[in-house]
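Dropping the structures in below, format is structure tokens.
Two complexes, one shared chain (chain A), two partners (chain B, chain C).
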Partner chain A sequence: MMDTPFNAVVPMLCVVFAALAVMMAEAFRGRDEQMALGGLGIVGLVGAAVSSMLLWNRNASSFGVIVADNFGLFVTMTLVIVGVLTIMFSSVVVRRDGLPAGEYYALVLFAVVGMIMMATANDLLVIFIALEILSLAVYVLTGIRRDDPRATEAAFKYFLLGAFSSAFFLYGIAFTYGVSGSTRLDRIGAFLAAQSMSDSPLILVAIGMLLVGFAFKISAVPFHMWTPDAYEGAPAVVTGFMSTGVKAAAFAAFTRVFLSAFEPFSVDWAPMIWILAVATMILGTVVGVAQTNVKRMLAYSSIAHGGYLLVGLIAANDVGKAAILFYLLAYAVTNVAAFGVIALLGTRDAANDELRDFSGLWHGRPALAALMTVCLLSLGGLPPTAGFIGKWYIFSAAVSAGYYGLAIIGVLTSVVSVFFYLRVVVMMYMEERDPGLAAPAHVGGVGMVALVASIVVIFYLGVLPTRVLDLAAESISTIF
Partner chain B sequence: MIPLSHYLIVSAILFGIGTTGVLVRRNLITILLSIEIMLNAVNLTFIAFGRQLGSVDGQIIVFFVMTVAAAEAAVGLAIVIGLFRHRESLNPDAFASLKW
Partner chain C sequence: MNGWLGLVIMIVLAVGYAGVMIGLSLLLGPKNPTPEKLAPYECGMPAVGDARERHSVKFYLVAMIFLLFDIEIAFLYPWAVALRDLGWAGFVQLVTFFLILSVGYVYVWRKGVLDWGPAARVRHPAERKAA
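Let's look at the complex of A and B:
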């Protein structure tokens, strides 16, 4: 590969071209013509994966604002996996629910572009623009079922709080720019390190504002209000996409901004994130216990998982940083698969996402029940699944960095969370199916392939994590 | 010459007005406009800092922000229209089918 300034944006370009191709194909499609638009998207995503592998260890940089360092590429790979799984689940759902295929796949792909951009951006302004690219696409995806008042309402709530929070984020960027004279992360970091603790109040305001902006996107308590509503109202497959992709991208940018640019001020921000992490873990778990809707329950569970990731961010030693990456991957695959099962169980007219809809699933659809069980056990952090290794590394990082309190709260909340995950499992295996309920939908083809693939990944990460962990450690050591 | 702090105070006031509007007003269109006020307050901050620092970056950033704000308004208004079709109301309190 030649060294041109465009190298680092190649993964993004692959996905952009795929998205544009989907839009063109949709425009020229005959009235009743069937087209494999999802397949087109997967081609683009595979292109992104291949180009990220080629860029590995090269530290390519485009114009100084997009850097394809190993950290960004690792997250890019995670996002590609999320994108591919989402498209595979979607191909079932789009046909079943009669969603507009062209718009749907184009929006998913554009959202993935924004996510990749956010993970590889090295400039606050680019992070903001990437955030908006992915957010605008996801707002529309949330409300893509226009005939469903709940989806529209969820889209509006998500949009309102998202736009509100991005204004705060932008205000934080403005102050950072005013203090340091640049929006480039490396220059901000150099400037702040040279200044070393002159304690300008403006920079603290800037850090606070940026923290609020990120906290909204990763749905940390107390900025989580939109999460349960948006996750419940959106189509399940979109929920799976946004609860993993958006979170992974936002966390990548969060980690990069706070551990590189604002690292000199870690004394100031670490206590703030400590409080966020504790509140997020506790509230996500405790309120999750009370839910009767599985989608809403998984929404609270994803809030709690955000809290565990914050623990890794605070314990910013080498183990902690690598653990964030590993945890993001493990969580992303597991959560997409869990929401995939919910999406596959729904029908056009009924979401079938209440807890009782899962009763006796084992008798009707044993394969789906078994796959869902693996996902739930992995979310709960039970061996031998990916979630267990992820949590293990996060908490051991917290302990080795001296944050015993965080580790204890983390372990306790994950024990409590096992309760609500297992409740679904008990429902599936030990309850008889409510005779008033329709038989569970038949699932076949692509959706099942995607589910089995993600289960294989979950077990692979759980049983043989060394290789991926080494990759994560290697990729994080290159930048911070 | 007007000192930097004046610009910053004005933009902080504007940002505060926008934030209050989002939190207090009970009409979806007004809420959207309040978000626009917040973004424009930030634009003012960028320009003021850019002038202070003698760099053109601040003003260039504003163009990006304006573009993003326009895209955001387009999506936001589309969602509001979708909501209005379902509920015939622009009062956010009417939208409570999901627990808020």
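Let's look at the complex of A and C:
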């Protein structure tokens, strides 16, 4: 690959052009003409994956604000996997529910572009633009079923709170610029390291504001209020997409900003994030236990998983940083697959996402029940799945950094969380099918391929994690 | 202070000009008030009902398209001013930006957002071509 100033944006451009192609195809297709728009999107995403692999270890940088370092590329790969799985699940759902295909796929792809941009941005303003690109697309995706009042409500709540948090984020950028005179992360970091600013309240205000902005996006307690409603109201496949993609992108930017630019102030922000992490883990788990809707339960579980990721961020040692990347990948694949099962079980008129809708699934659809079980066990952190290795590394990072309390709380909450994951499993295997319920939907073709592929990845990460862990460790060492 | 003097003069001129004009029309203008003229919005129609009513969604679409191309202009002007300094690299970047926007333009066109007549709006573009 030639060295040009545009190298670092090539993965993004692949997805952008795919999204534009989808838009054009949608504009020029006949009313009832079927087009493989999802396939077009997958081509773009594969292009992004290939170009990311070619950029590996090259530390390409475009315009000084987009850096394709290994950290960003690792997250980009995670996002591409999320995107491909989402499109595969969507291809079933879009046809079944009669969603506007062109708009749907274009929005998914634009959201992925925003996510990749957020993961590779090296400038606070570019991170903000990326945040808006992905948020706007996801707001619309949340409410893409306009005829469903729950989806509309979810989209509206998500939009209002998202806009509110963007304001916090923007204020944080403004204050940071006011203190350091730059929005570039490397310059902010160098400036803060050179000054002894420990008595400046302004920089603490800036850090606090940015923290609030990020906490909204990763739905850390107490900024999680929108999460359950938005996740429950959105179509299940979109929920899977936003609970993983948005979280991965936001966490990548969060990690980059706090561990590179604000590293000199870690003494100040580590206690703040400590409180957020503990509150997030406990509330996500405890409230998750009380849920009877599987989608809502997984929403609280994704809040709790955000808490575990925060633990890695606080530990901030090499193990912790690599663990964040590994955990993001493991969590993303697992969660997309879990929501994929829910999406595939739904019908056009009924979401079928209540706990009792899963009763006796094993008797009707054994394959689907087995796949869902693997996802739930991985979310619960049981060996030999990806979730186990992820949690193991997160907690061992916390212990080696001396945060015993965090590790203990983390382990205890994940034990509690196993209760509500296993409750679904028990429903599927040990209960008879509720006679009042219709037979579960047939799943085949692309949806099943995507499910099996994600299960393979979950087991691969769970049984042979070394290679991916090495990659994660390698990518972390290049920047921090 | 030197650099800011121009700005201060401009602010004084702007505020002064507006003040003088309003003052003059107060002093010199004929006063012949009628209830219609005293209404908050004097535009020929008596104000009836609440301002918060439902508008056709077309208005929002038009507003959004306007915003899009307004932003395009906001980029084009500074680029035109700095054309020579930015050179070919700047040209290529702006053309790319322009092409991406035109995809959006073609999209809204084909989707019928620019057809404001009530009859044309309900028909799908493909059907119209066939007819």
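One rule holds in what follows: the second predicted complex is superposed on the first by the 478 of 480 C-alpha atoms of A that agree within 3 Å, B and C clash if a C-alpha of one lies under 4 Å from a C-alpha of the other, contacts with A are read in each partner's own complex, and residues count from 1 in each chain.
Following the convention adopted for this analysis, a contact is a pair of C-beta atoms (placed from the backbone, for glycine too) under 8 Å apart; a residue touches a chain by one contact, two chains touch by 3 or more.
Every value quoted in this text rests on a predicted model; they were computed, and no experiment measured them.
**Student:** Considering only touches as defined above, state whether A:Arg150 meets chain B (first), chain C (second), both or neither.
**Tutor:** Once the two structures are laid over each other on A, A:Arg150 reaches chain B alone.
**Student:** Just chain B (first), just chain C (second), both, or neither: which does A:Ala323 touch?
**Tutor:** neither
**Student:** Between chain B and chain C, whom does A:Tyr177 touch in the aligned arrangement: first, second, both, or neither?
**Tutor:** Touch partner of A:Tyr177: chain B, not chain C.
**Student:** Looking only at chain A, is it chain B or chain C that touches more of its residues?
**Tutor:** Between chain B and chain C, B touches the greater number of residues in chain A.
**Student:** Could you tell me if A:Ile127 is touching chain B, chain C, both of them or neither one (first, second, both, neither)?
**Tutor:** neither
**Student:** If we overlay the two complexes on their shared chain A, which of chain B and chain C does A:Val16 touch? Say first, second, both or neither.
**Tutor:** second
**Student:** Per the contact definition in the header, classify A:Met24: touching chain B only (first), chain C only (second), both, or neither.
**Tutor:** Only chain C is touched by A:Met24; chain B is not.
**Student:** How about chain A: which of its residues touch chain C in the complex?
**Tutor:** Chain A residues touching chain C: 16, 20, 23-24, 26-31.
**Student:** Residue numbers of chain B touching chain A in their complex, please.
**Tutor:** My answer: residues 15, 18-19, 22, 28, 31, 35, 38-39, 41-42, 45-46, 48-50, 52-53, 55, 57-58, 61, 64-65, 68, 71-72, 75-76, 78-80, 82-83, 86-87, 95, 97-100.
**Student:** Which chain C residues qualify as touching chain A in the complex?
**Tutor:** 100, 103-104, 106-107, 109-111, 124, 126-127
**Student:** Given the complex with chain B, which residues does chain A contribute to the contact?
**Tutor:** 125, 128-129, 132, 136, 139-140, 143, 146, 149-150, 152-157, 159-160, 163-164, 166-167, 170-171, 174-175, 177-178, 181-183, 225, 228-229, 232-233
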